[in-house]
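Look at the two complexes coming up: subunit A is in both, with subunit B in one and subunit C in the other.
Coming up: the complex of A and B.
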């Protein structure tokens, strides 16, 4: 019955997943990439560049909402500082652009690295904070970072900076189409990672942190390390979502990079879709993102956050577990 | 042979309040130890210090020959020190079977060669549930369980880590006499299998039946340690429980 012995605790071996699980995960990744490519082809068939501009924002929110959910949904730590991680990615792109412009994919990797490190740092600094205190700390972090960027002349300070993007990319064509394609693939990657986490040892560990940290420790879960993994992965994807942003807007200033809308949307989307599974943030982002884009065109761009607010209140009252929660309840 | 658990001069304060002072305690391999004391005497604080949930200010704890000082709770769990909580603390969003999967993944799975495949995980969780009589509730959530089932789940989760020492913190509070017997039988079965057990309990019938040795805590001090029948006749113990 007993197997424990000395010196074993230090090791942290991840049991290899069964081959069938590995195959299922590969299938899922292939399907996600296929959906991303289909979305690209569908947007192309419309023959109007505006579809790419609007679609890009929705895809960007799929990444942000999925990233937020890895920390907020899986471990229960509510991050109000999405804008800071997003802007860190965007501004690292600006810095790279000014120093040595590299291919967009490299910018995304660097943006992910920078925001991932910020996530790790925030994790370390806020480890003792739980619940609402953690959330306030992330909000404060966003304010501090915005102040730093506003006073950093190299990236344009409060005036902002222009980023001239190439007109076209070989094979794909127009640059906005390229941005759309890259963001679609990034969304596929983010969703795949979230799903991988969900069914894994890591995902079970995250769930115990959300449920009861003391009981989790007593059951052998290294809560500290897992929280750091969550803040790092979540931050990294937010940074990756932000890295192409300067090329999308071509003019970036702190007010747009650190826009409150990122924080609000990345919380509202998973809550509306459902925080328990990878599908929730995707559904929420597509739903809210599309409604916002439609409202921007048909009514006014100022209506966005109001709409999000109203929808969120409706869901909190009528469906606290989001759309996925409603669907699961239907099932016998 | 050295004791499995050695506690030396352990003290714990909360601000100005001394919860534990100068506790010395040895528990031998395979022993069944009863730990009793009035409410607020420091029993649960002692458990928390032993398991790493709280940090003791002075003194040290050796378990299985290793110094525990400074080790986090999950490290101690992996070394074979398991506990159940006084008030059951299941993972409410995970099914009953998945509640057991956690220690299987993170305690057993963290030991060399302990990694279990999906099929083995299912099977092991099933065995544990059958052992505590919850097999038919594997897919339910902890919120659906009754009080006794919740306590059985709590014990099953502690046992899932294949511990050397199990500390059962009031596993029977609020249960009916037959339910108490159920839990006692479970603990006796574990002890037969070689697990050392510390039982913290208010129900004297259970403690007296189960324990080979009895330790009494009063106001953070250990006032008695010995055979159960001697300890309950000890004048200091009688005074602590009944007054003069």
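Coming up: the complex of A and C.
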């Protein structure tokens, strides 16, 4: 099995001396937060709440695609269970809401913790085997978690549950605007973490697993530990993306929480954008996410999912390195 | 807890029958994943496609579901050969099968499911046949024909496939690929052509499995997802490429699921397969009967 097709990007940015690297990462974080705030102000200037509803979904996909790519793009392990991690975050938020409603940030942290632990558990059981077993386990896990939630009356069972969101938040204003802002900041955080990993020892460790796991293991790379870190971080961000979701939809049932659309989108977006760097999932998420938001309004929602499937298959066959790969090919 | 004997026996019997059917669902994956190492996670989706074709043939032309399934074998064989060709040229040849090959099959799963939703909607579909309703009673043991017929068809088909693989030239070539692809190349045979046949056969079994499925239960486009966990749990537990192990694993899963459904309620049954899969992977990844 040859996995050497994406190693070049990691080698490209061998970091400069440490202090300047730290400063650059701080600059990047500041820039990412600034972009998130700008997006918020831009959406506000339109003066139509629909922009927030549509924008929230795109931002949510930036987080999901980036999270998927931390495991899938950097280490080469395919997670088909995005929907399960996402729903775990969403439902832990529902549980909190029913027991003790806490600030949204706490919900996000708890959602991230729950999904991170699920990632760690599944990873621990399956990651010592060939990678494909992990993929199959995640795919089956989505079905089983849906069964569990469907049978759990406390969170509404198969009928689903209503979550009343507060009308407004001080300073920010309308609650949907607050959700948009929180998701924008979360996206900035996720992208920053992904970029941090790329340039770090951890990222190089991930790349060795992706390129040749046997060789990495033989050279003393602690592959299992690194893979577990990747699944945990990736799962945690998916859970964090899911935690505010009940407040966004206000009515959550298993069919919408575990929608296969999350799985297919979070795979399609990095693969369309390019899996080697942090920019790929962001480009893919903005592109595919916006297309779908437009298509849902203009065409039917089933047809636009078909579109995503076709784009995914088309890209993996014709442009294996995604849009970033196509762009880099142009350069001399 | 006091377990009534007749419930227990009936649970085990229907579990065995269900297991025969599960073996038919799994046999395709046993060939593609277990023997020639192509992780076709879209296989259950193709089974649903088979169910829908059988449904059309049954409702529009009054063709018996099993006959319709057999008639569709060559069509699915051709479809399988075509899919393998795309897979080989785009992924295997370039050595990219791990990440992108998986994403490819996931895309196919998704396209098949959404296309079925677009064409047929999300209503449950059933097929008319003389053996869907009646039940044979032996004392207090029920043998519903809708479970018995698919089980017999499935075990017959698996037996024939086993004979084919162990006796015919091309069948032995497929087994050879599964053991050592490189050695086959040295013998002057083409692993690609052999794998194409193997994958085409594996997809052809989806037509028959689809026919069995729509006899057993009403089908809607996303029904296939329930089978992903089962199929791979059985395949792994049975020791990947081994048919005997697969049938035993399938019956074991069938019995446990059927007893779970009897004593805890049918909504818990899907969780059983996943537990089986995780336990097998964690404790004995070579399968119960692995070499």
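As a working rule, the second predicted complex is superposed on the first by the 314 of 332 C-alpha atoms of A that agree within 3 Å, B and C clash if a C-alpha of one lies under 4 Å from a C-alpha of the other, contacts with A are read in each partner's own complex, and residues count from 1 in each chain.
Note that contacts are C-beta pairs under 8 Å (C-beta built on N, C-alpha and C of every residue); 3 or more make two chains touch, one makes a residue touch a chain.
Note that the structure is predicted; figures quoted are calculated from it, not measured.
S.K.: Figure out whether A:137 sits in contact with subunit B (first) or subunit C (second), or with both, or with neither.
M.R.: A:137: touches subunit C, not subunit B.
S.K.: Have a look at where A:262 lands relative to subunit B and subunit C in the superposition and call it first, second, both or neither.
M.R.: Touch status of A:262: no partner.
S.K.: So in the superposed three-chain picture, is A:147 touching just subunit B, just subunit C, both, or none of them (first/second/both/neither)?
M.R.: So A:147 only meets subunit C here.
S.K.: Between subunit B (first) and subunit C (second), which does A:320 come into contact with in this model arrangement: first, second, both, or neither?
M.R.: After superposing on A, A:320 lies in contact with subunit C but is clear of subunit B.
S.K.: Looking at the overlay, what does A:224 touch: subunit B (first), subunit C (second), both, or neither?
M.R.: After superposition on chain A, A:224 lies in contact with subunit B alone.
S.K.: For A:310, decide between first (touching subunit B), second (touching subunit C), both and neither.
M.R.: second
S.K.: Show which residues of subunit A both subunit B and subunit C reach, each in its own complex.
M.R.: Shared contact residues on subunit A: 1-3, 5.
S.K.: Which stretch or stretches of subunit B touch subunit A in the complex?
M.R.: It is residues 51-53, 64-66, 72-75, 77-80, 82-83, 85, 89-94, 98, 101-103, 105-119, 157-158, 160-164, 193-195 of subunit B that touch subunit A.
S.K.: Okay, in this complex, where on subunit C does subunit A touch?
M.R.: Touching subunit A: residues 39, 41, 86, 90-91, 94-100, 102-104, 106-108, 110-111, 113-115, 117-118, 222, 225-226, 228-229, 232-233, 236, 267-268, 270-271, 273-275, 277-278, 281-282, 285 of subunit C.
S.K.: Which bits of subunit A are touching subunit B when the two form their complex?
M.R.: Touch list, subunit A to subunit B: 1-6, 8-9, 11-18, 21, 201, 204-205, 207-208, 210-212, 214-224, 276.
S.K.: Touching subunit C in the complex: which residues of subunit A?
M.R.: 1-3, 5, 72, 76, 78, 80, 125-126, 129, 131-133, 135-137, 139-141, 143-144, 147-148, 150-151, 260, 263-264, 267-268, 271, 275, 302-303, 305-306, 308-310, 312-313, 316-317, 320
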